[in-house]
Every structure is written in structure tokens, then in C-alpha cells.
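You will see two complexes here that share chain A, one where it goes with chain B and one where it goes with chain C.
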Partner chain A sequence: MNAIEAEKLTKEFQIYQSRKGLTGAFRDLFNRNYRSIRAVNEVNISIPKGEMVGYIGENGAGKSTTIKMLTGILQPSSGELKVNGFDPHNQREEFVKTIGVVFGQRSQLWWDIAVQESFTLLQKVYRVDNKKLLDRMIDVLNIGELLDQPVRKLSLGQRMRCELVASLIHQPSLLFLDEPTIGLDVLVKENIRQFLREMNQEFGTTILLTTHDLTDIEALCSRVIMLDKGNIIYDGGLTQLKQEWGEGKKIHLELDQEVSLEHLGKVTETLPVSWTKNEANAKLFTAQLQGNSITASEVLSLLVTSGVPIHEMQIQEVSTEEIVRKIYQEG
Partner chain B sequence: MLAMYREVIRIRFLMMLAYRVNYYSGIIIYSINIGAYVFLWQAVYSGKPSLEGFSVIQMSTYIAISWMARAFYYNNLDREIAEEIRDGSVAIQIIRPYNYLMVKVFQGFGEGLFRLLLFSIPGMVIVSFIYPIQLTTDPSVWIQFFISLLFGFIVNVEVNLIVGLFAFFLLNNQGILWAKRFLVDLLSGLIIPISFFPEVFQKIFAFLPFQAISYIPSVTLVKGLDISKWLPAMGIQFAWSIILALLCWGIWVKARKTLIVQGG
Partner chain C sequence: MAQLQIFTQYLKQYLKARLAYRLDLVVKFITDLISQSFNLIFILVVFGHTQTLGGWNQSEVVFIYGYFLLPWAIFGTFFNLWSFNDKYIIKGELDRVLTRPVHSLLQVIMESMTPESLLGVVTGLIVMGYGASGLDLQWTWYDPILLILFTIGGVLVYAGIFIALTSISLYTDSKTDIQPIVFNVSNYGRYPVNIFNRIVQFVLTWMLPFAFVGFYPASFLLDRGDWRIYAYLTPVVGIVYFAIAVLLWNRGIRHYRGAGN
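Take a look at the complex of A and B:
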């Protein structure tokens, strides 16, 4: 059984449009214009147990709406949905015992009281009493000293670590993370990622991660689902994504003396390489390798054998960030 | 299940304690209110021994009791719910394996219990020294009063839940919240006992749930209703708690379907 199984999942919203100006506002009082918007359009998602999947897309692509349907907060307009074997919206109370959710921008801890009081209440809510797991999570995330402080006094990074513990207190088999590392510093991010990897390996927790920070995805997920305007535009491995969309590597060279662009072009004319010259420094050049058919060493050996005086060089891989930017731009 | 609700009540206690200033200022505000109304009514009586079946002493007692009872049944659940819907944090509530409305009820109960124990009872002792009031020593009347007070709490909570849930449909119901608060204070007999209203209004009020909140419990204690009068009064309170509970449930089910989580 898959952790998440969605077929033709769709969510439509009715939005009302306000008319322009004062007369428009008066007319709106009596008669409103409604327009229906498809936030999520016949999306198919299937995630097996134990997988860590990154769910990305531009702002307003429909990510949050999907998460809200998967967690039972919103009722889908149409389509089939089974999460952990439940219908999230209609079997809500039983279903939510099997999932954990972290909303990066929303706290699930009680704002005015000490963190540990929140934990105690959550243990009662989920009817669990697993001191060992709780202690371990507190230890790994290093929040032991924060337990007796009210949540409102915690920093963002401290709070987020507490949120993670709160969402995993009942050891759910499926964890939804909606931008969990937003606004956090590098060390906290690393700490959280390490913790998530541990939970995944040890308990087989399935994790669906929404984020704008692609380093999160690179660090955690082997699979990526990309959403654009309510449609899935990519669903597959991270490495394939790079191969399919990656422009190929770049080689930055610093030469000992000035060479003309034509000369470099001539030397490598047998290979699909295009050269650009740095405007500010005439000794700096960049070679853009087209596609994935050639390697950097082929280019370099040609350069060396034809006597181009290389002083310093650097090979640049395409970052996921760049790939995603490109996909967003091209739609 | 019970352990959870007990914990909810405990957390509410902690939260009330976290805001001590609110607690202290509450005592002062309530004492001022009681004082103001006691003196106002003394002026209205201006020497007359009784009005509409209330003697001066009974009137003062009625005022003190209804304000202290208000400390127990009053809560801001409507505002809290509206707020949670407005800022979208209701989403967090929905991903928890409990009934949102029941948890709210118990939060309100925790708040009420806190105020009853740490506010109303000590407050009542102080007030009884300052103002001319007379409290019965008959334990059976006190038992009747507390049962009636509990129903008053239930009816008021249900009214609050319904008003709060309107936010699901309106998304901003600040105006309704204000109107409701004033209506409840007026029509529940807190400011003026129901029997002082013109006949026509009394007949209309009989069809509204508000007198079940404050008037019935307060009169029960002040006048010491005997069983034959008390039971029908209980019947009214009980009927309203059931009717409003069903209404709450219906609205909640409908609201969950139309839920739009605002922001994020």
C-alpha cells in the first residue's frame, strides 16, 4: 500500500472579483462577481512508504492547496485520494493520528505556555506515552534547555525544532513539511536535515517536503515533484531532472596571456562548446559545454595539446537552482 | 479522552496565570460594575421597598450574583474561533485528532472554572462586606443554583460557538461579535432583570435562549425557587442547550466543507 495515492485530484475555489471604484464597491454590496479558479488540476501522485519526496513549485502553483487536501484540511473538489489508507477529509479524526504536519509559517505549539506543557498536552491528545522517543528527539535536536520557556520567547530556529518534535510525538508514518527551514540559519538547517534523515532511516517515515530552498531537497530527497499552475510538470529523480534540463557544465579559465576568442573557438571546433570572454579581465574565459555528451577533460586536453597557456581553471556543475529557474521561466 | 480534556483545562489555567494583569484588572472592573449598578438601582428604588417583586436587598444581591456568575460563563470563544479562522490557524486544529468544538468548550470551561475559583468566590466575599447583599444559607438552593449556572454556561458557550463559526462564512465577523456581546448582556438579564421589561418584551424573550444564560441562575439563587418552579426553569435551560448543540453541530459540518484556509 502506498502512503499517498492521489488520482485526478482537483481543487477549485470560488473567488469573488471586486469591481473598480466607488460605484463598483456599491454594486459589489448587492451582487458579486464570482470566478472559479483551479488551484490544483487533475494531479496524480503516488508515493510509496518510506520515500522522501520534494514538492516544489513557484508561489501560487498550488503546493499548499495540495498539502491541505492531503492532510484533510480541505475537501477536494473531485478526484480520488487515499492517504495512509484513509480518506483524509471524511475520516479525519482517525486519519490525522497517522500523520504529522509542520507548517513553517504557523505554530502548532501553545504560544503563551512552556514548550513542555505543549508536549504533554499533545501526548494526551494522541494518547501516547513514549518518553524514550521524546527524550531522544529532544536530545538530537538539542532543545533540552528550551523546554521550560514559553514559545513566544523562542527564536525562529528554536521554535522550528520544537515544532518538529511536536509533529513527531505520536510517531506518525507520514510527515508533511511545509517550508520547515524558511528563515533558518545554516547550522539549524543542517541539524534539522540530519534529524529528518535519522527518522526516515530508523522508522521508515515517509516525508513530503515543500520548500523553496532547493538545498533542502538536494540534501534529503531522491525524488522531486514539480508543480506549475496546478499541473505536475515533472515527477522523477533528482539526477534525471539534472540530466534532462541541465545545460551542461561550464569551465572557467584564467590564462597566462591574452588569447582571442576566435583562436579558442578554432581549437575546440570539433566539440559543441561556446566561448565567452570576461568583459573586465581579458584573461578570463568561460566555456559553456552543450548537453551532456562531452566531458570537461576532452575540452581541456584539446586546449593543452594546442598550447593554450592555462593558469587556473574551475569546473562548474549546473545547480538545481538554475535548472528550476529555467523550468519556471520556460513554463 | 477524559485525560485529554483534563489536560486542556489545565493548559487553560496555565494560560490564565500567564496573563496575571488581566486577572487583577478583571477583579477591579467587576467590582466597579457591581458598585455602579448597585448604586444606580438604589437611586431607582429611591425609598420604595420593592419593585417588580424585587426588594432593594434582593436587587443588590441579584446584581452581585449575576456579575459573579458572568465571570464563570463569560468567555471569548467566539472571538478566538473567529480569529483562528481569520488568520488560518484553524488548519492546525483540524490536523489534530480531536473534536475542535469540544476542545473549545473545555477551554471555555477551564477559563470559567479558573475565574469561579480564583475570582468569583473571593470576589463575592469582598463584595458582601461592601454592599448590602444577602446570600441564602440553604444548601439545596446553592445546589440548584450551581446546576442552573452550569446550564447557563453551556447555553452561552453554544451561542459563542455559533457566532464564532459565522466567521467560516463571512471571514470577518467583528461587527456580529460586538452586537452579540451587547445583546447577551442585555437580554440575559444581566443589566436589567427580565421581569423589569415590558410585558411584550418578556413574551419575546421567552422564545430566546438568552435568559437561560444569566437570569434563570441568578433568580434561582436570589429568590430560592421551589422545586415546582425550578424544574420548568431547568427544562427551558436544558431544551436550549440541546437545540443550540444541534445547531452548532450542523454549522460545523457545513463550515468544514466550505473551509478556505486564508493565507499560506
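Take a look at the complex of A and C:
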């Protein structure tokens, strides 16, 4: 059984369109215009147990709406949806016992109550009593000192670590993370990622991660689902994504003496490489390799054999960020 | 049963959080007392000009008012839903509530509890005592039981009406100002209903049945049998209104569209 199984999942919203001006507002009183918007359009998602999947998309692409349907907050307009074997909205109270949710921009904890008390209360809500797991999570995320402080006094990084513990207190098999590392410093981010990896490996927790920070996805997920205007535009491995959309590597060169761009172009004319020159420093050049058919060493060996005086060099991999930007721009 | 356990846990936590602010608690009690005494003074001023009001003397009206404070205080303690729209709909806290395995309404109620409002019961009992001191009331053994039953009924009427009004937020994003209006109407429940116009009487009995919160049960305790049937109806009306409200709420949760991010 898959953790998430969605078929033609759709959510439509009726948007009330107001007319312009005061007369328009007056007309709205009697006759309203409604327009329906498909936030999520016949999306198929299938995620096996134990997988860590990144779910990305621009603002307004329908990510949050999807997550809200998957977590049972919203009822889908149409389509089939089974999460952990449940119909999330209609079997909500039973279903939510099997999932954990962290909304980065909203607290899951009680504002006025000490962290420890929040945990105790959650244990009661979920009817669990697993001190060992709790102690361990507290230890790994290093929040032992925060336990007696009220949540409102915590910093963002401290709070987020507490949120994670809170979301996993009942040991759910499926964890939804919506922007869990937003606004956090590098150390806390690393700490959280390490923790998630541990949880995934040890308990086989399935994780669906929504984020704008692609380094999160690179660090955790092997699979990416990309959403645009309510449609899935990519679903597959992270490496394939790079291969399909990546522009190829870049080689930055610093030469011992000035060489003309034409000369470099001539040397590598058998390979699909384009050269650019640094405006400020005439000895710096960049070679853009087209596609993934050639390797950096092919280019370099050509350069060396034709006597181009290389002083220093650096090979730049394609970043996921660049790829995603490109995909968004090209639609 | 498990829900009841969670409820007591919440109550414990909230009491704990509130008790941390001792000064707050004292201030709350004093402001409550002051605001109630203004209402009391109003009644006394009215009776400075007349002996009876629709056949009720000063002590009786004070007694009715004191009784009204009991369900009112309990309602205020457990059904503090005034900021529901802001907190749960606009800020999106309802999303969190919906990801927890407890009924959403129960969670909202538990999270909005203000245990300190329960002090209003004390105020109410004091006012009732003051009213009763001017009367010669015969208390039977079952009167206290009925008092508790009527109070619960009154709380359910109040809760039902305001939960139903709060549910509106689940259907529409726009704010409605109907709550303060109904709240004002609810104040009529603490005066003898027969002093009002017939239409108002009808509204207070069958539409927004606030007369069941204060007047009908209190008149029974005052041994005025004219409204005996109505008094007995109090728990029934309470259960009916509350049940309708919960149905509206559950339907609303289906309609809920979620807050944007």
C-alpha cells in the first residue's frame, strides 16, 4: 500500500469577483459574479512508504492546497484520494493520528504554555506515552533546555525544533513539512535535516517536504514533484531533473596570458562549447558546456594539447536552483 | 470518555497558565464585579421610581438577574468564541486544529477557555442571595438539582446560538456584525419577559430563546408557577439549540476553504 495515492485530485474554488467602483459594488449587492478557479488540476501523485519527496512550485502554484487536501483540512472537489489508506477529509479524526504536520509559518504548539506541557498535552490528545522516543528527539534536536519555557519566548529556530518534536510525538508514518526551514540559520537547518534523515531511516517515516529552499531538497529528497498552475510539470528523480533541464557544467579558467576568444573557440570547435570573457579581467574565461553529452575533461584535454596556458581552473555543477528558475521561466 | 480526559487536561493547563498571572485574576474578578454592580444599580434606580415592574418587585428582579449570571459566567468560561474569525479563520489556526484527532469544535472551545470567568458564578450567587434576602422563598430538596439542570440548559441555549453564529465564519470569509446584535438581545433574558411587547416575548422564547437562560427558570425558583412549563422546557430547548449548532458547525467544516499562505 502506498502512503499517498491520489488520482485526478482536483480542488476548485469559487471566487467572488467584485466589480469596479462604487456603482459596481452596489450592483454586487444584488448580483454577484462568481468565477471558479482550479487551484489543483487533476493531479496524480503516488508516493510509496518510506520515501522522502520534495514538493516544489512557485507561490500560488497550488502546493498548499494540495497539502491541505492530503492532510484532510480541505475536501477535494473531485478525484480519488487515499492517504495511509484513509479518506483524509471524511475519516479525519482517525486519519490524522497517522500523520504529522508542520506548517513552518504557523505554530502547532500552544503559545502560552511551556514546551514540556505542550508535549504532555499532545501525548494525551494522541493517547500515546512514549517517553523513550520523546527523550531521544529532545536529545537529537538539542532542545532540553527549552522545555520549561513558554513557546512565545522561543526564537524561530528553537520553536521550529520543538514543532518537529510535537509533530512526531505520536510516531506518525507520514510527515508533512511545509517550509520547515524558512528563516533558519545554517546550523539549525543542518540539525533538522540530520534529524529527519534519522527518522526516515529508523522508522521508515514517509516525508513530503514543501519548500522554497532547494538545498533542503538536495539534502534530503531523491524525488521531486514540481507543480505549476495546478498541474504537475515534473515528477521524478533529482538527478534526471538536472540532466533534462540542466544547461551543462561551466568551466571557469584563469590563464597565464591573454588569449582571444576566437582562438579558444577554434581550439574547441569540435565540441559544443561556448566561451565568454570576463569584462574586468582579460585573463578570466568561462566555458559553458551545452548539455550533458561532453565532459569537462574532454574540453580540458583539448585546451592543454593546443597549448593554452591554464593557470587555475574551477568546474561548476548546475545548481537545482538554476534549473528550477529556468523551468518556471519557460513554463 | 477519552474526550473528557483530554478536556480536563486542557482545563488544567489553562488554569495553570492563567494562575501564573495572579494579578490578572484579581483584576478580572474586580472588573467583573464592577460591571455587574452597574447593572444592579440600574435595576435599583428603576425601582426608585416604581414599586413593581409587570408585577415583579425589586427583590424578584434582582434575583432573576443574579440567576442569569450563573449560565452567563459558565458560557463565558467555556464558549469564548468572540475572536474565532480573527484567530482561526484569518490567521488560519483552524488548519492546525483540523490536523488533530479531536473534534474541531471541542478543540476550539478548549483552546478558548477562560477559567477565570468562572468567578462570575460567585458574583451571580451573591446577587441571587441579595435578591432572596428580601423574599420569603421556600426551597425544596429538588430545587438545587433543578437549579443545576436549568443552568446547564441555559448554558446550552447560549452556546448553541453563539456557536451557530460563529459557524457563519466557516461559510463566508467576510466578517459579520451579527454577534454583537444578538449579544445585546441576550441581555433581555435577565428581565421578566412579560414586561416586553408580545413580539419581543415571542422572539425571546422561540427564536433567540434567551428567556430560557434567565427569566423562565428563575421565575420557577421564585415559586411563580405561571411559567412552570417554560421552565421545565429549558433543558430541552438547550439541547435542541446546541444540537442544531453542532450540525451547522460540522457542515461548515466541510465548507471550510482554508486560509491562504
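A few remarks follow.
Operating definition for what follows: the second predicted complex is superposed on the first by the 331 of 331 C-alpha atoms of A that agree within 3 Å, B and C clash if a C-alpha of one lies under 4 Å from a C-alpha of the other, contacts with A are read in each partner's own complex, and residues count from 1 in each chain.
Definition applied: contacts are C-beta pairs under 8 Å (C-beta built on N, C-alpha and C of every residue); 3 or more make two chains touch, one makes a residue touch a chain.
The shown structure was predicted, so the numbers you read here are calculated from the model rather than taken from an experiment.
Once the two complexes are overlaid through chain A, chain B and chain C clash, as defined at the top of the document. Of the two partner chains, chain B and chain C are each touched by A:K124. Look at A:L184: by the touch rule set out above, it reaches neither chain B nor chain C. When the two complexes are overlaid on their common chain A, residue A:L74 makes contact with chain B and with chain C alike. When both complexes are overlaid on chain A, the residue A:W110 reaches chain B and chain C alike. Residues 13, 64, 68, 71-75, 92-94, 96-97, 99, 101, 103, 105-108, 110, 112-113, 117, 120-121, 124-127, 178 of chain A are contacted both by chain B in one complex and by chain C in the other. Per the touch definition, chain A reaches chain C in the complex via residues 13, 64-65, 68, 71-75, 89, 92-94, 96-97, 99, 101, 103, 105-108, 110, 112-113, 117, 120-121, 124-127, 178. Those residues of chain B that touch chain A in the shared complex are 3-4, 6-8, 11, 14-15, 18-19, 88-89, 91-92, 94-99, 256-257, 259-261, 264. Interface residues of chain A, counted against chain B in their complex, comprise 13, 64, 68, 71-75, 92-94, 96-97, 99, 101, 103, 105-108, 110, 112-113, 117, 120-121, 124-127, 150, 178.
If you check the complex, the residues on chain C that touch chain A are 2, 5-6, 9-10, 13, 16-17, 91-96, 98-103, 111, 254, 256-258, 260-261.
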